[in-house]
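Presented below are the structures under discussion, each in the form of structure tokens.
What follows is chain A paired twice: with chain B in the first complex and chain C in the second.
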Partner chain A sequence: MLKYIAGRIIQAIPLLFIISVILFAIMNSIGDPLAIQLSQGRPPTGEERLRMRRRMGLDQPIYLQYIYWMIGNDWTYIDADGDGDTDENIRGPRKGVLRADLGRSLITKQFAQVRIMERLPNTLILMIPMYILAITMALVLGAISALRQYSALDNLLTTAAFVFYSMPIFFISLGMIFIFAIGLRNWGLPHTPIAGMFEPGEPKTLTNLIRHLILPASSLAIIYAAAYMRYVRSSILEAMNADYVRTAYAKGLAKRRIFAIHILKNAALPLVTIVGLDLPFVLGGAVITESIFAWPGMGLLFIESLTRSDYPVLMGILMLIAVAVVVLQLLTDLVYSLLDPRVALMGQTG
Partner chain B sequence: MKGHWLRVMLIVLISSLMLSVVVGAASGQEERRVLRLAYTQEPPILFDYFSDLGVAWNLMRIHSLPPWGRDGAGTVVGKLVDVLPSEENGGVVHNLEDGKTIVSFTLADWAIWSDGTPITAADFELVFDVSKDGLSNMLEFRFVNGAALDSVAQGETEKDVIITFSFLQPDWTTATFVPLPNHLLREDYEAALAEGRGMDTMEWLRAPVVSNGPFLFAEWDSGSFIRYTRNENYAGDVWFDDVVISFYPDNTVIKQLLVNGETDWTFAIPILEAQELVNENSEILALDTFFSGGRMELRFNQGPNGHPALRDSRVRQALSMAVDRQFIVDELYDGNTAIPRSFWDGTPWFYEGTPQTAYDPEGALALLEEAGWYDDGSGVIASHGVEGVEDGTELALTSATYAGGGFTQYQDVLLVVQDMLSEIGIDVTITHYAVNVIHAPFSTDSPYATGKHDLFVQGWGVGTSTIDQLELWSCDSIPSEENDTGWNGIHACYPEMDDLWDVLGTSLSADERQDAANQIQTLMAEEAFTLFIVNLLPALTFNAQLENVSWHVTDIPWHTLPEWSFAE
Partner chain C sequence: MSQSSVSEAHTPTTTRIHTLGERQVQDEERSTLAIFWRRFSAHRMATVGLLMMSAIVLYILIGSFLFTEEYANDLNLRHKWEAPSAEHPFGTDEVGRDVMARTIYGGQISLAISVLSVAVTTITGTALGLIAGYYGGWLDNIIMRVAEALLSIPLLFLLLVLSKFIGTQMPEVNVLGREISGSVVVIILVLGFTTWMGLARIVRSLVLSLKEREFVIAARAIGMSNARLVFRHILPNAMAPVIVATTLGISQVILIEANVSFLGLGVQPPTASWGNMIQRAMERIDTAQWLWFFPGALILLSVLSANFIGDGLRDALDPYSIK
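And now, the complex of A and B:
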């Protein structure tokens, strides 16, 4: 097992390197971080703009920018004042990704890792309860739907799953706001806040957090649950018709025992795969939902950084997701082998 | 079975009760007067010295004030001084020989930081030092409106400040900038320099706990809100206890918050949508607009990649005549803006004699024909005998403007322009680009810098209080491989206009400068390289109970903020 894990990690290194090269090239073609900053008053002259670019190192060839991003620039002299000449007494301030320095945000000048760590917990606060809710709903509703195949309830649940899965998230989010924040308020009933994570000026209590969490988490959970429910339903149906289940019935095992041990466990395999594929993107947050509900998570940070061409932060977020994909794929494979002993990992015999 | 349903109902009932308790939980805090502002963008820092984003600029003015600034009427008023410097009182001296202006002023005794420490010359010297340290990545053009700041020194007492700058425009009122608390920052700043870092990396810029404005920074919840509290050491009355600025990226949400009474003020809603929202909720919401100095322009690309017809001023003039700007003002903006009569319309430098372009589609066709562009019966307007252009070249144009929800008015106006030009037989195709793409440098293949399109609908600001020397249209600022960051993507190059801009930047004679401004306005109208379509008027949408609200885009946008209050 350990040999397998070590092999997968070694395989991931060139993969992550290639991903970083591709992402860096893309990030450097998404616009000028200075262009977005020209929104107030007198624009800088061309010379002033050029100086700003030099100070940020944006005038360097892209391969050199990549090298600085990867291994830092503290080994070389830089043009600190942006006059076009290298300052022979000033070395670059960056250590590079390999030494855990993602660089400073071009916009806030904070370290990119600080920006990310400010927002990552908020995204996890949103996404973990959302995922638990979505998977619970999917399992319960998918099981009900499968156990009552072709009944009116099955048809209703299946149709609802199709409808919610097809619905754009912004539509569901705005609908939820309209009903639970505005409608309930207008009817004089307890209502949820429209947006945000806490009420400004109020204590950051769990109650305050939960009030704000309800709408964004529910909006996302509805869509995820609708998608997963379809998998759960079809997997359970497939398992219910399997020979081993028929055998279990023939042996006179209790229905609940058959369902829990023989059907649900086997039906969970496709769900594990799908959730394993989706989980890394949890770290990236939910761009639209976080934007609508002003939830200060990774999705919002991503979209802010994208519109401001803040590529050190963007690279940080995307590389975090890339690493998470590699790690969670490995974990998924391990969980798979635990759930289904027939699945052999490389180096193991079945 | 009955028991099963009872269990289900009990679970639903308990869940509903728990939810009600959670969502209905009310705050038990003492009643404070809180002003809630809604923005779509979060500032990167709270000082515009290191960020030119508008949101950094205007939020800085809530907590920090310069020695003087302009009020809503454009009058210069003291904020940290009792007596403004002037030529008459010897506070302003122009040295013609070396092109320097020296401004001397005395800070008022009541001008103190929120921690009670007096504001002194050292606080201005710190800013100057930061601007010159070579590490702080400071936007020097923020100072004295682009002129070079040569020195900042203390006079006879620590309250006397002497600023020397080289004039790009000899206007003493621009020699103003927000001081930084030297007594708090100097040590950390020098430590940062010793580590090879500038002030732009100091966390203090995101948490300025000591300042001199009516409000004081209290907390910043990244991505959510910034909260200010009243500065108890501010030399004036302030009605609100707290100002909370919340960030909602989606302005649809801000509209709902306004209607729900959960926010009090925003300028995040584009004017066209704000009009509609306020009309639908006139009892609870109010709308105000202010002159920002911004113009929406239709710019004609005369460069090598633009359509060859646009190199002829008659064609540009004709296209301008085909655009019914009054229709745009009346129908698209409900009359809530105006047609700019020149680059400086709305400022003291406007020239009444500036030639105006009237809507005249038939005149436009005649002018096009005179220039050799007409429909000979083939159904398209094409070239006939135009020098340097192959006969039969069709006059079909490409255009570009900004993409995204914050720029709907640009997109709408370009659609109307497209319709109007099609009425005289000219097809226009439209492309939208993100701002950071369209305004990127030449080397990034930016659509504007490389002149990929024939027409550009863009917004540019003109100083509302000063005559700026701009590089938007100078011959030297045409972008190229050698001039990567030039602004003149439409290749509008008129050497005589460059000379006039120089006069604006260097002449001490008010008459001479006004004359240069007049000539520039005339030349711009005659050459028609850009058509000023409408004034860009940002819309303030706010709670109708809010009183004394005014805001403007000059030195101190929040100049009346201390007086803002709720009606009883």
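And now, the complex of A and C:
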């Protein structure tokens, strides 16, 4: 078991390295890295630019630039005046992404990670209830659908899952706004607000937050639930036909007990994998939903940064999510091997 | 999912053969194509999908004889935000363009983007999967690690960054006498080169098991060249899952293109696409429902039909029963 865990951790290292190379390549090709560090709006003169380039280490070969980006250049002496010799008492100013230096936002001059951490809680407020709702819906509807296989209800549910799984997120969001915000308001019924987390001027109470949460969370939840329901249905059907379930029936266990212990528990395993793989993307924010509902989370921050070409924040968000993906993949594999000991055993023999 | 079903395909269990026995006897007398068509047309959802897809393709083709592209891109500021009427069946948009004509020309762009970028994906994914699976070793390691790394970066975020910094500065291109925004070309390539990973994994695992099969070993024993071995014996046997993945890929790409264009970073106006038509729908969300409903419904229908067809293909091309 320990050997398996160690093996998985070692596998993650080259993956992180390749991700960092890809992100570095994107970062180098989309913008002038110098612009990122310029603190004031005044355009620098030619000589100032060269000086800055040397300070940042941008005059160095590309592999050195990558190293500086990762671990900074404050540990090495630099050639600040450009005479070909390194100056003995001048060190580089960068600390590198590994030491939490993602650069400063071009707009607010804050560190990129500060900007991101401001928005992360808002995204979590939206995504965690949404995800719980989605998984509950998927489990309940998937189980009903599987238990009544080929019934009219099953056909209805699987078709609905297909339709919602094929639906663009903006279509369902705009449709929900049309029905629950505008329709209900026009008929004089209680309706939901459209945008933001709180109405300006309103007290920031929990009820207000929940009212604003309803539309974005449920439109996302329906789409996720539709995708997951299909997995739940097929894995429950698979478990229902397994030999150990037949044995359980044969030895006379109660149906309810067989369903709860033998079927549901085994059918939940594949869902653990899917949830583990999707979770970082879910928590990374929903670009479309957050921009439609003006929800001030990471997705909206990404769009704002994109329209203003704020590269450090953009790259910070990409890096954060990519690292979260690798870490959660690792955790998923570990949880899975705890739930299903066959996995780790297979890894040892194969 | 697909990987596991692929590896199962080569260890058919006795129960499975038993249940399929009756069907196999029926199939023996027919050609592969006839078997395929009978299976596919028996799949109710797949038939519905094929009909829906044909209807959409007919709509965007016949429509271009009814309206010219100039008409679809024609600004008319005195008639903006007009509700559906006899003159404008789907209403007009924020600058007075006819929404129906734009769904027709936008549909051509959206569907062309998805078909072409899936073609790029299929070629890259199949080639890389073949190389990784067939040659193995360090080449396999590098390709699969890069695939894993790209899968770790959220696709929509990556596409938005790439299309923002490459796509929005492209000059117009002339295709078959039509001026089309250069962003279309960028979107096709960016989508094609960022979505090959799933297919490469499927092809790789297929090649890994195919290359241990007797007929491949026999072909190698009689001195067949690598190229001939791959193109005559391995690739044809790996086609079925590739076709299924490609069809399902089309539906994914239609959705992604719509999302990117909806955010204003995909296809650039005046060239219409179903996604960029909805870009400004939020401004008049309380009155102008026609602005998002018609393009959105067309996206939904085409994604749905591609998914239905893909599902039907998966059942019809089931490797257990095709002989």
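Convention: the second predicted complex is superposed on the first by the 262 of 350 C-alpha atoms of A that agree within 3 Å, B and C clash if a C-alpha of one lies under 4 Å from a C-alpha of the other, contacts with A are read in each partner's own complex, and residues count from 1 in each chain.
Operating definition for what follows: a contact is a pair of C-beta atoms (placed from the backbone, for glycine too) under 8 Å apart; a residue touches a chain by one contact, two chains touch by 3 or more.
Model, not experiment: these values are computed from the prediction.
Peer 1: A:P341 contacts which: chain B (first), chain C (second), both, neither?
Peer 2: Neither partner.
Peer 1: Taking the superposition as given, does A:P168 touch the first partner, chain B, the second, chain C, both, or neither?
Peer 2: second
Peer 1: Report the partner of chain A that touches more of its residues: chain B or chain C.
Peer 2: Partner touching more chain A residues in the overlay: B.
Peer 1: Considering only touches as defined above, state whether A:G188 meets chain B (first), chain C (second), both or neither.
Peer 2: In the superposed model, A:G188 contacts neither chain B nor chain C.
Peer 1: Once the structures are superposed on A, label A:R55 by its partner contacts, choosing first (chain B), second (chain C), both or neither.
Peer 2: So A:R55 only meets chain B here.
Peer 1: In the overlay, answer first, second, both or neither for which of chain B and chain C A:F302 touches.
Peer 2: second
Peer 1: Touch test for A:P200: chain B only (first), chain C only (second), both, or neither?
Peer 2: In the superposition, A:P200 contacts chain B only.
Peer 1: Can A:R104 be said to touch chain B (first), chain C (second), both, or neither?
Peer 2: first
Peer 1: In the overlaid three-chain picture, which partner chain does A:I30 touch, first (chain B) or second (chain C), both, or neither?
Peer 2: Both partners, chain B and chain C.
Peer 1: Which holds for A:I292: it touches chain B only (first), chain C only (second), both, or neither?
Peer 2: Touch status of A:I292: both partners.
Peer 1: Which chain A residues are contacted by chain C in one complex and by chain B in the other?
Peer 2: After superposing on chain A, chain A residues 29-31, 174, 177-178, 182, 194, 291-292, 303, 309 contact both chain B and chain C.
Peer 1: Would you tell me which residues of chain B are touching chain A in their complex?
Peer 2: 19-20, 22-25, 27, 29, 32, 34, 36, 41-42, 44-45, 48, 50-54, 57-58, 134-135, 137, 139-141, 145-146, 196-197, 200-201, 205-206, 221-225, 227, 242, 244, 246-250, 252-253, 256-257, 259-260, 262, 404, 434-441, 444, 446, 460-461, 463, 468, 470-472, 476-477, 479, 483-487, 553
Peer 1: Touching chain C in the complex: which residues of chain A?
Peer 2: It comes out as residues 14-15, 18-19, 22-23, 26, 29-31, 162-163, 165-171, 174, 177-178, 182, 194, 281, 284, 287-288, 291-292, 302-303, 306, 309, 314, 317-318, 321-322, 325-326, 329.
Peer 1: Quick check on the complex: what are the chain C residues that touch chain A?
Peer 2: Residues of chain C touching chain A: 45, 145-146, 148-154, 156-158, 160-162, 164-165, 251, 255, 258-259, 262-263, 265, 278, 281-282, 285-286, 289, 292, 296-297, 299-300, 303-304, 307-308.
Peer 1: Could you list, by residue number, the parts of chain A that touch chain B in their complex?
Peer 2: 29-33, 35-50, 52-53, 55-56, 59, 80-81, 87, 90-91, 93, 104-105, 107-110, 118-119, 122, 174, 177-178, 181-182, 185, 190-202, 207-208, 210-211, 214, 291-297, 300-301, 303-304, 307-309
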